[in-house]
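Down below is the structure, laid out as structure tokens.
Chain lettering (A, B, C, D, E and F) follows the sequence in which the chains are written, and residue indices restart at 1 in each chain.
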Amino acid sequence: MSFDPVVLFFLLGLAAGVAKSDLKLPAALYDTLSVFLLLCIGIKGGLELAKQPILTLLPQAMLVLAMGAAIPLLIYPLLRWRLPQVDAASIAAHYGSVSVVTYAVGVAYLSRIGEAFESQTTLFLVLLEMPALIIGVILARRGSRSAPGHGWGKLLHEVLLGKSMVLLLGGLAIGALAGPEGIKPLDRLYVDLFKPTLTLFLLEMGLVVAGKIGILRREGLFLLVAGIGLPLALSWLGIGVGLMLGMSTGGLTLMALLAASASYIAAPAAMRMAVPGADPALSLGAALGITFPFNLLVGIPLYHQFALAVA
Amino acid sequence: MSFDPVVLFFLLGLAAGVAKSDLKLPAALYDTLSVFLLLCIGIKGGLELAKQPILTLLPQAMLVLAMGAAIPLLIYPLLRWRLPQVDAASIAAHYGSVSVVTYAVGVAYLSRIGEAFESQTTLFLVLLEMPALIIGVILARRGSRSAPGHGWGKLLHEVLLGKSMVLLLGGLAIGALAGPEGIKPLDRLYVDLFKPTLTLFLLEMGLVVAGKIGILRREGLFLLVAGIGLPLALSWLGIGVGLMLGMSTGGLTLMALLAASASYIAAPAAMRMAVPGADPALSLGAALGITFPFNLLVGIPLYHQFALAVA
Amino acid sequence: MSFDPVVLFFLLGLAAGVAKSDLKLPAALYDTLSVFLLLCIGIKGGLELAKQPILTLLPQAMLVLAMGAAIPLLIYPLLRWRLPQVDAASIAAHYGSVSVVTYAVGVAYLSRIGEAFESQTTLFLVLLEMPALIIGVILARRGSRSAPGHGWGKLLHEVLLGKSMVLLLGGLAIGALAGPEGIKPLDRLYVDLFKPTLTLFLLEMGLVVAGKIGILRREGLFLLVAGIGLPLALSWLGIGVGLMLGMSTGGLTLMALLAASASYIAAPAAMRMAVPGADPALSLGAALGITFPFNLLVGIPLYHQFALAVA
Amino acid sequence: MTFHTRTLLTIVTESALENDLVDLFHLQGLRGWTIVEARGKGEHGEKRASFDANGNIQIELIADTAAAEQLATTIAERFGRHYALVQWLTDVRVLRAEKF
Amino acid sequence: MTFHTRTLLTIVTESALENDLVDLFHLQGLRGWTIVEARGKGEHGEKRASFDANGNIQIELIADTAAAEQLATTIAERFGRHYALVQWLTDVRVLRAEKF
Amino acid sequence: MTFHTRTLLTIVTESALENDLVDLFHLQGLRGWTIVEARGKGEHGEKRASFDANGNIQIELIADTAAAEQLATTIAERFGRHYALVQWLTDVRVLRAEKF
């Protein structure tokens, strides 16, 4: 049996970080890889749009957007049990949004085991990035008269024009406008180097997750329960939506993964500005410290089993 | 009809910048892409040199060098109408020199529409980088007894050994010495990734141009007139030289583009040291804020029409 | 006759540096290239491990490790003639360890001239990284009661978990665990771009070596004798070990090169922490200022001649 | 030339606040400042990279003493509660007083 | 608000020492500091890149005067002989005294 | 150990001037300084990236007060007219007086 190198790179970073090696990737590399992966995914989604008549996709897209808005509404009350309003709202937003890298590893996993999937999931990934952020801000501000932080206009700007959003939507537009023929001369970069580049990104993610261990120690039990319980529960929501869309086993797996993954690029940036009172250590500890490695190592194959069971 | 993705990336950057998105590419990525593109172009020029007997190219090269020296001499008097000596000289130097990225987009355009062109234009691009800078410095210093800034020795050093010059000439030498066989193992980087990499560069250029809008507002009319009028006029000079060299439609288009494009890497660096009294906002506003997007979006197809008209 | 472009890039960097051009590559690019090259080499070594039964390799590996430990022991007494204990020990460690880039250029040279070589040399490269560092620290501390600097536990940590070590061993593990099939989707990056990327690295190395010229001037004669004498002598040790392993001409060339090359990434970092009293200008001046260019320009073809003579 | 006394305000805070602070400077008619990327540790934990909105910046701004103190107070009141923030004032001397 | 007097210790040294210095800060109960990448020149030659363990960092740390002086002395004694190291102390004023 | 009084000169200017300033330091026999990449805003507009010769650097240099004042004056005279430039002087205390 051979191991998936993509996951091995993550484990290498994690091990190096835990062992306090002096390995560090330059910040500029991390930023560059983020830009690149977001553009890749956006372009792929855009090529989907170019392929299918937009009217066919519209009802599906609406359902997916609804899922993105529903997730924070569903988990906010649960989190309120133990957490102040702002923190519950912020974490809810993180889990309603999605992790682009987790999705990419999921796609790599399915290709590896030869399981086909509906290509419009890439488009859904782009769509899911935002609605949860807006719901999260509303939840955080509900009831508090004097807006803590920025006004609504500025907030919407922050959420809509955040780096990840612009790159995903920009890539989407470029893919849709240029079409497969137009994008072909760029394939050597945006297609061929996507998966190998992911390995470097995951090496860095391993290092970053290792750096979250301090928080895990402090808030251990709560983060553990939330960071594993939420994706497990949400994966079934994703499967439910996938069934409503009549998807294949591969598609169901990715829908589960989209619902189960939590954003750690777009959401933290947006929440920091929109909900300054929320403690970023808490939401990042759960989303990045627990849920991300859980999905990577356990979740992806598990959701695939779930999908096989219901398909 | 499908859009050219290379131009779409520029527009994405421009839109993100104008909308004040927080999208920023790391400075190290920009520097890396610059180094890479300059080396690519230099190597391509060097492979040309390796292919053709140098004596065949010599007369052509002399004519092109003469064009590079003539441009600042021609436009300096025009600019003196409204500008102090140092600023007129500095802008003249910018427009006499060339924009490597504009040229690369022009080549991509011709490939896209299937128009052939003479490959020695790449060599001409390298040759055109420098003469205008030297003429520009002479124009700026003419008449002023006490040299404002550095002595001539230091200046020549600055111009000859500027980063762009070294990479272009170095690439040229490497291409010429290693030849097509020697370069082949490097093709996966220097050939295959050239065009896709250009997209990232143009994304950044869009962001940079968006940042120049403040200057445009201040010096609007003058910059607009100069930034569009100069390339339009100079493109005909380029076509004239191309006709003297007996070039094809594609070649004429590129000669027009070389004459019409203005440097915004080599020239600003050289002028800052050699002509410190010139306001860099003015020359960069025109070259980068107006002429670069004009050439990209309007100029390239237009010069192709010009070339078709005379060919 | 055509020149090796890899070496031409080094000469370009060297020339630019000596001429005091303002060419600089971003530090993040250098770091990224280092990470990438170390991972590439590690993965290649790991694929070797996956291919061959580990028991076949074990005796060979032991011999190579012994060579790595022997080199500093052999040259330390020579260096003690002129140098204080700490400096002699530090330089001995540098030369006992290896230069990954020199090895990569050697491999490129052999491929160019069509000379085959045993693929396990890549594994040997990884193995040779460490033993000399440990011996070097022991030599530096011998006899001095109060440990100057850190305790042994911390030191071992420093040496074992240094950036280069982690990337080489991590790559090794990933290559061995994932196997050729698992690594294949990554080939577009880790295989195809290895050699072209090396050119950018060597451009930077040329600039760095040019920066060492100040030291060379100060300590000229000693550095020159050590920096050329040591690799020449050690290359024969490498050939001897290669003969004991029954290697081909290509393999002998690489064994000579491994023995003759000196580390300038892992060793300086480790020695700075473990032997703070040693002057880093001295060891780096020899390893990077003299031995690295010597091996690149003269050593590689020379050791190949040596190998031809004894094969 | 003669030297003039001014006050240097140094602000270390989350890079996410950069735009807000710059807006504030413009609002208060301040004409110049310098920004450097930084990392650090404090009450709000370690700040390292820029990726999860977790970077620091260090801003240096020279003004007359009253303006610098006023600015520091405003910033502390507006951002001190929820954001990682440390500020300090230093007496400095400058040559071209008209620039500040 | 009122301002309180504290001392700023600035340390410029080899980046290889970062971990050791941070350990020392923790040991001495210091709760905050700021780090910036730097280059420079001094007795130990030019420090430029990070590659051959040849980079610099600049650390800024605000504490009360006694603690800052004590820390500077400890660092000079422990690392001053073998490593590139320059330190200086500046009087500064801060708003929230309880943070330092 | 005892602390000695020195003056810290901080220079914020265009990165294009780095070589010229370093030449000047050598000429005046100065033996050490620290450089940090910076951005900023001032009379000469915003300075952000390095690409169109549009970056800033911040140089810190400790010397005795007379030398620092002299240096600042020379720099202001030579480069102050055409280049983006801001300088300030701070009183600092150092441990190893012989280094400065």
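Brief remarks follow.
As a convention for this text, a residue touches a chain if its C-beta (ideal position, glycine included) is under 8 Å from a C-beta of that chain, and two chains touch if they have at least 3 such contacts.
Quick caveat: nothing in here was measured; it's all calculated off a predicted structure.
Common neighbours of chain D and chain E, by the contact definition above: F.
Touching chain A and chain E at once are the following chains: C, D.
Chain centres were defined as the mean of their Cα atoms; on that basis the chain farthest from chain D turns out to be C. The greatest centre-to-centre gap from chain A, using C-alpha centroids, is found for F. Chain A and chain D have CA centres that are 34 Å apart.
For this pair, chain A with chain F, the centres built from the Cα atoms lie 46 Å apart.
Separating the centre of chain A from that of chain B, both taken as means of CA atoms, is a distance of 41 Å. Within chain D, the positions touching two or more other chains are listed as 36-37, 90-91. The multi-chain contact residues of chain C, meaning those touching 2 or more other chains, are 22, 26-28, 31, 269. Pairs of chains that satisfy the touch definition comprise A-B, A-C, A-D, B-C, B-F, C-E, D-E, D-F, E-F. The touching residues of chain A, when paired with chain B in their complex, are 26-28, 31-32, 35-36, 157-158, 161-163, 166-167, 170, 173-174, 177-179, 181-183, 185-190, 269. Residues 1, 3, 6, 8, 22, 31-37, 60, 62, 90-96, 99 of chain E are the ones touching chain D in the complex.
Interface residues of chain B facing chain F in the complex, by the touch rule stated above, are 27, 30-31, 34, 148-149, 208, 211, 214, 264-265, 268-269, 272-273, 276-277, 280-281, 284, 288. Only residues 2-5, 8-9, 12, 15-16, 19-29, 108, 192-193, 195-197, 199-200 of chain A touch chain C when the two sit together in their complex.
Remark: chain E residues 10, 12, 36-43, 56, 58, 69, 72-73, 76, 80, 86-91 touch chain F in the complex.
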